[in-house]
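Next up: some structures, all given as structure tokens.
In what follows, chain A forms one complex with chain B and a second complex with chain C.
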Partner chain A sequence: MDPLVQSSQATPRGLHSDRRAEFLLGAVVAGVVGFVLAMIAFVFLEGWPSFAHNGFAWFGSGGSIDRQTEAIFTSANLKQEPIYTFRAWPIIWGTILVTGLAVLLSFLSALFVSVFVVEFAPDWMRRILEPVIRLLASVPSVIMGLLGVLIVVPFIGQHVISDDMRRSVSFIVSLNGYSLLSGVLILTLMVAPLMTAVFVDGLRSVPRGWIEGSLGLGINRWRTFWKIGVRTARPALVAGTVLATARAMGEVIMLAMVCGGVGFSPNPADGLIFFLEPTKPIAAAILQSAEELTSPPMRDTIFAMASVLLFSSLVLSLAGWAAKQPMKRYGVRA
Partner chain B sequence: MNTKTKGLAAALTLAAVAAPTTAEAATIAGSGSSANTPYIEALFKAYKKVDKKNTFTYLSNNGNAGVKDVQEGRSAFAIQTRAPLPSDSGTSYNKLFLDALTVSVHPSNKLTNLPVKSVKDIYTAKVNEWSAYPESGLTSPIAAFGRVSTAGLFTFFTAAVLEGAATATSVTPVDKDGEVAVAVSKNPSGIGYIGLANSKPANGVKRLSLNGIPPTPSTIKSLKYPLSRYSWIVLPANNPNKAAVKFADWIRSSYEAGQVLTKLGAVPAFNATKPSKKKK
Partner chain C sequence: MTATTPPADLTPSHDSPTPLSPPGAPAASAQRRSARDSSASWRLTDRIGLAFAWILGVGFLIVTSAIVLFLMVQGLRYLKLDLLITSPSAGFSESETGGFLDPMIGTVVMVLMAMAIAFPLGLCVGVWLSEYGRPTALARVTESSIEMLAGTPSIVFALFGTLLFQSPALAFFSQSTDGIVYGRSFFAAAAMLSLIALPLIVANVREGLQAIPGHVREASYAVGKTKIATTRRVLLPAARPSVVTGAMLGVGRIIGDTAIIILLLGATLKIVPATDVPLLGTLQGTGSTLTSFVYQNAPTGEANQPEKAYAAAFVLLLMVLLLNVAVDVAVRRGRKMAWGS
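And now, the complex of A and B:
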């Protein structure tokens, strides 16, 4: 008997085990979904007292966030009435700036590098570049943080920031190299390889016939690759960007080491100094406050910060999914 | 003997071999001050000769967090650099040795002394320029570094130098004591408050005298140096771990611990000055 026919005529025992596997895998998936939902609910519920005390003002600005944090945990240390006043705008703005600028820089560099790797690089160079990119994507963030503290921060502090720049804002904030720029540069170095790896895979899965068809019509390689390769791989570009943005938003150690740890909102109106001002993204703020997790008001505040980060990740994932939908009709799925 | 019986026999044999070891040897976890980490690590090493059985570990997560660890039962002991607060209920504080908080600058800074009031002026941003102190030989803006507000050293500095005033927003807070030393050593305009152990010339910083008094063992022991302070060991008030208590006693009183502390720059306060004679 034909083996295909034989396998399709499953015995009752085979059918039974298939159903068991289905049921088991379904239960695992339901368990994972349940765990994620429970985690989201837990984080939001734990952070609720902080939101409830502050209302929408929680997301606004007003006063020094560092002083507010200090007052929150000191109130517990001194066994006073718990203090909950918290205005999170400086850390929300810090997260937007660091993540946004790093992802923008990474996107541009990753796009050019991946186009070069897939289409223009000679084979010997491709064989070197690809493993190097993947290796860079896996460097632990604490190593990047050390490089930042020992090389990037002192370089910016001594060679980029002038005394006049320091003086212009010295009554508000200290310019010493621990800055938005340090954070953005190192974060770019961390997320660009990740983005490049995804982009390379996406560009490589563009059907070769489409590219060759265009070349056969006499259109040059560069134009062919931009108009057909990159456009077709847009879902992969979106997926890589979403992945890299999530990685950038959740980065903690390196940013806590090089951004300056000051709850300060860098002001674009300050001109170039804006990039040299210190900042503190949400993830770094959570890390620096985590030692006070056992103080009840501080714990609620930390969970409130965590829920904002979690909500941002959810929105990001949904936005990435929505952005890919219209592109899927034409391009590569990712 | 079938497979199940063999497995059971092997498990019982393993349990019999392992039981005496697990019953006696233990890992004693401590946590707390990052400024005291160099002392504690060196003391662990020396204490291995005294207590060969137990393993001591230390998590440098800052003093206030260490005390919370003891309260929550996560650590058997904590090392703290500030005096007890009302929130430290359920713990007992014991002085271990004398240490000092130093105010340090970059080695290229010619300044050798600062009044404590001037340190306060710098950290409250009343003074922002080195030109206010011509002896420094600098005219650049001051880059002041401090600690995050959860650190015991922050609490001590705020009370002892700032007299409760708020640290200026222009002070850059960093997470660990050693990071302050790195930041100051890399910045010619830098100034920072650093524990004694991390402010040696080898750390790339220069300690300043305060009110004309340098942070030397004699000035720290006599408490003349303005930022002299005790390092404390924090234990649970009830049923403290016996091995941790013995370790604390050894640090406080033994000649050997005193030698380790002296070598690292701390000042033994209660230690024997001569080695004890071994009983025959």
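And now, the complex of A and C:
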């Protein structure tokens, strides 16, 4: 009990209902927490058979993932041992590529855009930019996917990919515009506003006096803002990046629409064609095989994919927390 | 942070945009400012940085306006009144396949149902975290699980939903034949959608409550109100703008989500009731929302009617736009009654 409440002349009935309210609220909270923990546990448990059958080779490469998926799916219908062989490297690599490139691109642009918005933009521009950023951050991913499928993908297919390129890899994979590049571009458009919004909030809360102090020493505006403002706002930069990475990793619909849905791992050794090759990130792979949940071995495999996704998002939020710790002493809260 | 300490960030940050020069002496400061501002005297790297910021800022503005304008133009071109008032149906040509009345109803129903679950829960968790938070261990665990929820991809929720609602114990919430539970219904989708709205609501409720200075609570205790009465009668009304903001943000997420809808709502374009019971049967049945309608009608989907997809996307975008405006209004109202200024 709060000392203030105890010392006041609360009626027994009042105190009673107060305690009951606290208990009820606590019960609701415990229920929510229990549900979340149960969810995590169940997803991991359901996916376990797939991991158990493959061992660490699950994460390795080998064979065509699309053919493996098919074998796993059909093995449930026959009166035989279910097949579990699964080598997830293509979709893991796809996730890493798409997420990493998009987050890298959007980090750079979000940093400059947020500095611009907070410090250098003329007033009228800032007044337009801020709501526009927020609006873009909340555009549903299916709309971005639609734009991607109807504009970006045909554009890449017709104008970026030349016949020579098509021919050079035609015996491995067909290039038609559904590609890593289109996925990365649109994903950048989706997560950059999110990042920018967090960065802007962080940069805003840099104490004005610090900036003024630096300016008073005769340091120019750019350098001041870069060295004092951005550095002070580092926790916000970390927070924004973690948020955006989580969103990018969990992006399903847009990537399923735009990336081609072929279990192919783009090979950096191919040079620039690498960006034009199709891929399939984990989340999109789950969505595309969601129809196959009826087959028990397939279902275990799908849940195994989901638990990889879940695990990475847990690691991500841990990493963000750890990265923020040393910066906490200086800088702004985020 | 405990409930009674005044929050550290009653910042003056939002209210003064960024005039760099100190107030007063307008002519002199303008002169000084222009001298300092002329980037001609800066080092090359600084000038490049500034140029980069300008280019990216302006580029961002152009790209985003292009996207929004393009969607508006396409949407207005293809949106016809009969699309809004007819149900989707099977057909061979564009004129036979109907409109998207059912998906629109689906979106509204989805928002109402998911918020009916998420809002009270989020309010409870937010209040508990901000005002009670004991035992401390539970508070810690709660914080991290809410953070976990916020970071979890929605496809994982969708998968868990199929697992949960296909279990015989929850057969009531969807269609079942011969003991096999279909597991796809408005109930199932709403329950999982509420999970993606929950963290936003919790965070905003909590933030709003913590922004209220401790002396407000103490004043309420001093006149003999209990803690729960203080929370209900004093703190929550005072924090209403943030509560509203959180709810709106949650609605935005619910409207925009597609993965959960496709996996758990059955993705039948029409609303198909499970039984003949008027309302309950519908909610136990399958349906669609605007997002899944757009997905199905995109070239990668099964229906492939881009024009209808554009029209539906336009309606969806309008909803999001309205929500954004509503959030803006709520935030501005909250700022007007900010404490401690």
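Basically, the second predicted complex is superposed on the first by the 300 of 334 C-alpha atoms of A that agree within 3 Å, B and C clash if a C-alpha of one lies under 4 Å from a C-alpha of the other, contacts with A are read in each partner's own complex, and residues count from 1 in each chain.
Basically, contacts are C-beta pairs under 8 Å (C-beta built on N, C-alpha and C of every residue); 3 or more make two chains touch, one makes a residue touch a chain.
Just so it is clear, the structure is predicted and the values come from calculations on it, not from any experiment.
For the composite obtained by superposing both complexes on chain A, the positions of chain B and chain C are in clash. With both structures placed on the common chain, the touch criterion links A:Leu180 to neither chain B nor chain C. In the superposed model, more residues of chain A are touched by C than by the other of chain B and chain C. In the superposition on chain A, A:Ile172 contacts chain B only, with no contact to chain C. Contact with chain B, but none with chain C, is seen for A:Ser64 once the two complexes are overlaid on the shared chain.
By the touch criterion defined above, A:Leu150 lies against chain B and chain C together after alignment on the C-alpha atoms of chain A.
Of the two partner chains placed by superposition, A:Ile273 touches none, neither chain B nor chain C.
By the touch criterion stated above, A:Ile92 is placed in contact with neither chain B nor chain C.
Once the two complexes are laid over each other on the shared chain, residue contacts for A:Ala246 go to chain C alone; chain B is not touched.
Put simply, of the chain C stretches 241-249, 295-303, 313-321 or 331-339, the part that bumps into chain B is 295-303. Residues 149-150, 256-257 of chain A are contacted both by chain B in one complex and by chain C in the other. Of all residues in chain A, only 2, 4-5, 8-10, 14-15, 17-18, 21-22, 25-26, 28-30, 32-33, 36-37, 39-40, 42-43, 46, 109, 112-113, 115-121, 123, 125-126, 128-129, 131-136, 138-143, 145-147, 149-150, 189, 192-193, 196, 204-205, 208, 211-212, 215, 220-223, 226, 242, 246, 249-253, 256-257, 283, 286-287, 290, 293, 302-303, 306, 309-310, 313-314, 316-317, 333 touch chain C in the complex they form.
The touching residues of chain C, when paired with chain A in their complex, are 4, 8-9, 11-14, 16-18, 20, 22, 36-37, 39, 41-43, 46-47, 49-50, 52-54, 56-57, 60-61, 63-65, 67-68, 70-71, 121, 124-125, 127-129, 132, 138, 141-142, 145-160, 162-163, 198, 218, 221-222, 224, 226-229, 252, 255-259, 262-263, 291-292, 294-295, 298-300, 306, 309-310, 313, 316-317, 320-321, 323-324, 327-328.
In the complex of the two chains, the chain B residues touching chain A come out as 61-62, 64-65, 68, 71-72, 85-87, 125, 128-129, 139-145, 148-150, 166, 169-175, 179, 182-183, 186-190.
Those residues of chain A that touch chain B in the shared complex are 64, 66-67, 69-70, 73, 76-79, 149-150, 153-154, 157-158, 163, 166-167, 170-174, 176-178, 256-257, 260-262, 264, 278, 288-289, 291-292, 294-295.
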